[in-house]
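Take a look at the structures listed below.
Same chain, two partners: chain A is paired with chain B first, then with chain C.
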Partner chain A sequence: MIAPSVGLPLPRTDGFDKVTGRAAYVDDLRVPGCLHGATIRSTIPHGRLRRIRRDPAFDWSGFTFVTAADIPGQNVIALITDDQPALVDGIIRHAEEPVCLLAHRDRERLLAGLRAVTLECDPLPAALTIREGLARKAKIYGRDNIFKEIRIRKGEVRTAFRGAHRIVEGTFRTGLQEQLYIETNGMIAIPERGGRMSVLGSLQCPYYVHKALKRLLGVGDDRVRVVQTTTGGGFGGKEEYPSMLAAHCALLARKAGKPVKIVYDRLEDLAATTKRHPSVVRHRTAVSREGRLLGMDIDVLMDGGAYLTLSPVVLSRGAIHAAGPYRCENLAIRARAVATNTPPNGAFRGFGAPQTIFAVEMQLNRIARALRIDPVELRRRNVLRPGDSTATGQVLDAGASGPLVLEEAVRRSGWSVRRASFTKRAPPDPERASKAPRKGTASGRIRRGLGLSLFYHGAGFTGIGEVYLDSHASLAVTRDGSVEIHTASTEIGQGMRTTFAQIVGDELGLPPSMVRLAPQDTSLVPNSGPTVASRTCMIVGKILANAAADLRDALVQWAGDSPRRAPGRRATRGPWNPQQFRRLASAWVRKTGPKVFTRKYDRPPGMKWDEKEYRGDAYGAFGWGVNVAEVEVDAETFEIRVPRVDVVLEIGTVVNPLLAQGQAEGGTLQGVGYALTEEVVRKNGRMANAQLTNYIIPTTADTPEFRTTLLSNAYRHGPFGAKGMGELPLDGPGPAIAAAIENALGVSIVELPITPERLAKAIRARPAHE
Partner chain B sequence: MLQPRDLRDALRLLVPRNGAPAPVPFAGGTDLMVHLNAGTLRDRRFLNLWGLRELRGIRLHRGSLEIGALTSWTAIRHSARVRRRAPSLEAAAAEIGAIQIQNRGTIGGNIVNASPAGDSLPALAVLEATLILRSVRETREVPFGGFYTGYRRTVRRPDELLTAVRIPLAPIRGARHWFRKIGTRRAQAISKVVAAGLIRRSRTGCIEVVRFALGSVAPTPVRASRTEATLLHQIPNATVVARATAALQRDISPIDDIRSTREYRRHLAGVLLRRFIEESG
Partner chain C sequence: MAGSGENKTAMMRLSKFKYLAPRSVNDAAKMLADAGPTASVVAGGTDLYPNMKRRHQTPKTLIGLRRVEGMRGVSGTPEGGLRIGPMTTLTALERNATVKAAHPGLWKAVHSISTPILRNMGTLGGNICLDTRCNYYDQNYEWRRAINFCMKCDGDTCWVAPGSKVCLAVSSSDTAPLLCAIGARLHLVSATGEREIAAHELYRRDGIHFLSKRPDELLTEIVLPATNGWRSTYRKLRRREAFDFPVLGVGAWASFDGPVVKEARIFLGAVSPAPVEAAEAAKSLVGTRLEPDAVARASDLAYGPAKPVDNTDFLTRWRKEMTKVYVKGALEDLRGS
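Let's look at the complex of A and B:
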């Protein structure tokens, strides 16, 4: 028996190869005879494609050229609905939409070829904003440009507003955000001799790509094989987009009869691929004198871009989280995803929740100011406690950790003392011209502020989503007596290779190093579902833990029946040491044939969800969090610094504290960028700042000091009590930083990102706190 | 990429032949590679300057501080000579890019690249540097203030190399130097506004020498001469500062772009001017 590894800060098993440059990413793979592929994209946001003109003077020898006419199956990227084509067929609905494809052996020639193609289009009026989409400035989707509308109702909202002490209103906006994985999207398609198309690339969800390619090529399951290569980050950006890129590579490879590789450069990746949905969220809240939330009326709008992609599910998560982790018996939430003539927005860590949580947290701060209640006290009075029910009527059990994280964060951050010391002053005078120049230290100009956010995030697919997914995962015992994990779950930097090995190892009483991971290859591994929605450790990890228990029991039984029985008595985890296991398992396979233990997702008993009414148990478990952010704002230049963020997260059993802390810090930092600097500038629907020089993510120098505390409130149905945590950290920084800036300057913040330019404008307009 | 043996060879290679355009000088490549990647650079022939030792080094020469065009920001940042005689240039060097860029990027590249946001340019403007341009035919000395003719345009001819930057030291003896960059983040940032100043005051507080220049507020780096005129021979007080701030708004002509707004840049320029006067008082 060896000591359990769950709970230990083991380093990532893939870490060494990655930091030493040994890991091979898709662009590092050498495939003999491979052509380079490239995409010709629309430059207008809406229009009719009249003709694709290839310069007759150009030497086209050696080129492969693909248009929508070359698609053997259906011209769709199969996902939720079939509205998005792989290549434009007639109508261009957004800028950067793929129109046709080129491939050539030589990269320079390929670039020359790109310049020799022109698109002749008749532009149509374009709807570039949510407002224009709603006003049907262009017809993009259905009759009303609404991809999806969701309504959540609870109690009697009208009555609640009638009896209110006060009604507080606010409208809050957030912008686009790029996932900014380090490795850009890249893919290789290899047409195989037997007619199968193999696709290798940087992706999160092998079976999403598999499904899309089958439809596109019009072939069956075994005619498409999808393999994940070492992936340099995803954050949702490689959830649905790789299906598009794989489609393009496969079409070129099919026509050329040769392997084709496309790796986007940063410019193309930024300009053309999915981003976080912009949002406009309007709140009306009825409150009592003591600040109880009597009624909430919330309207959520999200910009889906030109095609539906994952917008309905992003919207759904946004809507469910829109009331925050607060008790309110009367609420009405209306959420709509709107079509616009912009590149489709898609999955991004948090998946709709960072937008609506920003809004509800800022609304709570507004209420606190209106009632002159401390923001912490207001949250204390309203936070969901065990026995309370969420917006969808999900009754929380002892897993409701809101009060726990709140009090822990208040204590650890020294909230009361620090908040009091950053005394509120009058809004600064940006001109100061009339005043005599002071001899100057910076101290008078730097305003400090402290802000807090409280949030929760549901782990796994929403409602009965996990039931529909019907995820399978297997464990195989190899002839050499080691254990192999078979899942389609992908390592994208979050550390699943390591946590899976810890979970399976512990269940079998083996060190994690004895547990291997089979390649994420659809021809080898079962569909364990997409690697998204904070579900991998909690959902797939649990399936694996169950499979491991089956394996252990079967082996113990066989060993018991067999003449060469294992020595020693049966321990809880496994009656063997690693050497004994190896010998025993190897003999088992050699004597009785291959061993594979497959389990599928078991829905926790008692979970109920009504998809039509949006009522019931939206998630198996919630992670809970608080951020306390400190800011320093230069009251004249409006430069903003975040010196410190206290991060308190409750994520169930912490399988690996080192990796969990990495997730907490990385996610929080991504949220700092979302709050302050990350902004997509568009001109006529095209990204104008598609360069890392001008799309501003935080550098190390911009990174706050993180003080991270991980708390555990074990979840009965997670592996060893673990819950999902990948997305949770990104929900909190936006509102915490915004609240800190409100505290520092005495202005009202209603929009992310909070750039110095916006802040300067807000101060000039001088809408001090209401 | 042409590989010259020495400076003379480099100058010879720059002479246009048979109608072919001169190759593009390639120093650290930290600007050129960005344009190449973005597809905004048409040129395909380059002249590698990296091996030309004649173009490196920082020395004192006949009352001037002379910096070779190929000198890296790292070298400038760590030079005691620069720190003593041209601290605003040292400050600019320290804020350019981050370590990798400072190791590769050169002062000559920053100057010839002619971006209005080049961080060293306001410092060089207030130091009244002289630029040494050489071709096979001649060597010219161009005052920094006369080098830029428009957005990303200079008086350099395609067959000329910038070989050195010369900063005359006598006129600025005893002056205080000032530099401030406001970028999009704390490192690896392009300036929204960058400013450098130089000031000397008499014992009574009267301004005897004042120079102030800014970047990212016009198509070229701007020497704020109207502003300087309002400050010269004055003892700074609220009125003087207000007059200078007003003049400054006429010295600059910022625009809205993907990094910032016209309005915010105007505001920042004013703030920086006030800070310059306060902090070097």
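Let's look at the complex of A and C:
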């Protein structure tokens, strides 16, 4: 009998091929007769497209040229609402909006062709910021430029404010962030003989692309096939955008009657594809003398860009997480996603939560200062405990791990001692006293600070989202007696290939190496839903575990045996060793025909959600986390270093600690960039720093020492007790680092990213905090 | 009102060129003269090739210096004056124990350039002749075309300073301010002769014609001054600990009589098309022991000549303010406290 693999730090099954260069990404595929495609985009943020002019003197032979007029079906990228066209038809609503497409065999000719096309446009006034969008400086969406408004209400806010000891206010802002997967967006469309369009590329959600192409081409299910190629990272950036790129390749391929490939270079990818929504979050909090949160009044604004894409769901998650993991019986949350004339913002790891969690955590620090309560103590008093209910009224069970992660992080990070030593500043350095940036904070040039954030993150789609998704996943037994996983869930570097094999293997009592993964090809695998929302391991993993149990039972029954359950062994494990299984399963298939076990999502019993009122059980489970960040700030240049971050996460059963640690560290580092350096600079709605030399992500040299602790509080409805964890790590670093800087310098931080320039301005402009 | 604009992208590719690989300095100089103004030499290519992809330069002929004999390596002694071949890679310099011990300023400048991978390819000569940089220029062809280009390349307006007659793209070489400060000399060879100039004479305050070197001249040797009681250092402002070009560089040099400064030079990089000398600041140090007051006074004086414009990362005001702090840091290095 083989030992269980869930809980073992197995290396990624896809790792070797990737680091040795053997893995074939979309640009590595050689497709005979393939043309290169390219996109002609608008440079103005808003305007009327009058004419597309092709230079008559140019030799256009061998070119394929596509405009909106060539679209056989509907000119939309089908997702939530049909507002976004595949190609501009009349009105340009953002810079970098695709207008027309060109393809040619030769890339040099293609470049020349691009230069022979001119767009003639009449510019219109543009709304480039949330404020301008709200003020309707331009008409972009509906009557008021609001993509979606959500209200969450609980208790009696007004009464709570009346009885408050103090009312604390704050407004917090966050900026755009780019996902920055290593592999840029790329796709190949191949028109097949029978009229089917095959699309292969770098993507997270094969069935999103499938749905979009059917509408665009006006064809049925079997006329479109979508295949994921090895994908070099996604982080949400390949959730909805690949539908756009697939549409472009398919239109060119259809017209040319030949395969067409488009791979963006970094500049185009940065300038044109989706980013994290910028936000403005205003908090008013009524608190008691002891720091209890009596009432919370929260207003959330997010910049959706020019089309709706996924903004309503990003907003929804942001709104639900806006009150943080804290108990408050009276609250009112109003959240709006606003249209602006900028490229649409979309999915990005965290999906609205990092923005609102930054705001609520900074607000808590503000309350702590106002009441002179230690920030940890304030959190202790308010953190959600079993039996408490969240903003939407979801009553938490023993899975409420907030107190656990908080105490564990305080203990492991040495919070009290370190915080005290940083706060007690060194005696002023006489040489610099005269030049110290502010009186009263004078001390050594390098100031150190410690900051903490507490956060939770719901795993899976919100509310009844998972029910609507109706995900299916299958296990097939092959003739050679091995097991094949059939899902549309994609490997994007997070490690699902490995964790799925561990889950299924353990359920069957087999080593993970005996479990294979069928290609992510919509003509072969069922729709297990998108690979997003920290749902793959927890939701799809559970469906697979159920399918594996079915498989095991059926096989045992066929073999005329009953599962023997030795004491102390995991009850679900099979009675065979791998060789026996292989022989048995192979005989089974050969004698009784192909075996496929399909299961679909089962909603955990008792879950309720009222979409209209935004009340009920928003998520099946929450992951919980604390970050303790240490910073060093140069008090003269305001340059910031983060030498150490303690990361404590509770994620249910840890299926694979090695991969989980990778997720924890990678996500935290992405959060460090969000906190300190990543800033999109736009000039008239166009990105001006669309290069890796000036869009600044942390390098290895900027990476803190991570001290990661993974705790598990098993989730009954997850596979072997696992919860989702992909997004959780990104929620914490922004507020923890900001809090550490507040601690180091005695300023109030209200905006990310915290660049040295912003910090200097904050110090000069504002009085030191209370 | 009518406007037009389009932005088309396809993977950036190198323009077409002919590649020549001379074996000797004379051959290289001759090839360069023969091929005329559409030719360019290439060393490590880490600056030139990206520029070609963005169509800043589209040389018809490239003369690769990799195989030219006698252009690589460090020779001589520190006391007699080290001589460095321009094809010496930045990594080789970084690993050279003599350079590190005798010229810590140069070593720091070299060590701060981009990343280990780029330093493996990039050379000292290429760094000295590095193209000037600007946010409106370091963009691909399509991006630049959408703004109707700019004066430095294909256009006629300067978007940073629309009234300006000269381009203000910034000198972004890390070694340039340091080599100017220590008084290094550069050996130039062409088909018609050779000459030696001081490092600071190489640079011109014009972002387009930023080198006084003629296009047909090759840089063949960098001569460091003999070490005899002077110290040098380099400080660099950037966002990250790796990758980033300087948005401010400070090269500082001082010779001493015991603890007393005999002579000093400070050059600021990345604030103008050429390294800028902060002469008054340096002069104010003469006769001091680099005591805190003297350092503070000199840093204040260095603030004047730094006139960054809004064409790199970081806010302009910030870069200017940081001049003080960074000059101070550099002078503290020299004091050796």
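By our rule, the second predicted complex is superposed on the first by the 737 of 770 C-alpha atoms of A that agree within 3 Å, B and C clash if a C-alpha of one lies under 4 Å from a C-alpha of the other, contacts with A are read in each partner's own complex, and residues count from 1 in each chain.
In this text, contacts are C-beta pairs under 8 Å (C-beta built on N, C-alpha and C of every residue); 3 or more make two chains touch, one makes a residue touch a chain.
All values derive from a computational prediction rather than experimental measurement.
Asks: A:Asp17 in the overlay: touching chain B, chain C, both, or neither? Say first, second, both or neither.
Replies: neither
Asks: With both complexes superposed on chain A, which partner does A:Arg107 reach: first (chain B), second (chain C), both or neither?
Replies: After superposing on A, A:Arg107 lies in contact with chain C but is clear of chain B.
Asks: Considering only touches as defined above, state whether A:Gly47 meets chain B (first), chain C (second), both or neither.
Replies: After superposing on A, A:Gly47 lies in contact with chain C but is clear of chain B.
Asks: With both complexes superposed on chain A, which partner does A:Cys121 reach: first (chain B), second (chain C), both or neither?
Replies: After superposition on chain A, A:Cys121 lies in contact with chain C alone.
Asks: Just checking: does A:Thr693 make contact with chain B only, chain C only, both, or neither of them? Give me first, second, both or neither.
Replies: both
Asks: I'd like to know which partner A:Glu636 touches here: chain B for first, chain C for second, both or neither.
Replies: So A:Glu636 meets both chain B and chain C here.
Asks: Which touches a greater number of chain A residues, chain B or chain C?
Replies: Residues of chain A touched, chain B against chain C: more for C.
Asks: Name the residues of chain A shared by its contacts with chain B and its contacts with chain C.
Replies: 111, 265, 267, 431, 435, 636-637, 677, 688-689, 691, 693-694, 696, 698-702, 756-757, 760
Asks: Under the stated contact criterion, what part of chain A meets chain B in this complex?
Replies: 111, 265, 267, 430-440, 636-637, 639, 641, 677, 681, 688-689, 691, 693-694, 696, 698-702, 756-757, 760-761
Asks: Please give the residue numbers of chain C that touch chain A in the complex, ascending.
Replies: Interface residues on the chain C side: 1-13, 16, 115, 135, 138-140, 142-143, 145-146, 237, 239-245, 292, 296, 313-315, 317-318, 321-322, 325-326.
Asks: Residue numbers of chain A touching chain C in their complex, please.
Replies: Against chain C, chain A makes touches at 36, 38-44, 47, 50, 95-96, 99, 102, 107-108, 110-111, 114-115, 117-123, 263-265, 267-268, 431, 435, 636-637, 677, 686, 688-694, 696, 698-702, 755-757, 760.
Asks: Which chain B residues qualify as touching chain A in the complex?
Replies: 34, 37-39, 98, 182, 184-190, 192, 236-238, 241-242, 245, 258-261, 263-264, 267-268, 270-271, 274-275, 277-279, 281
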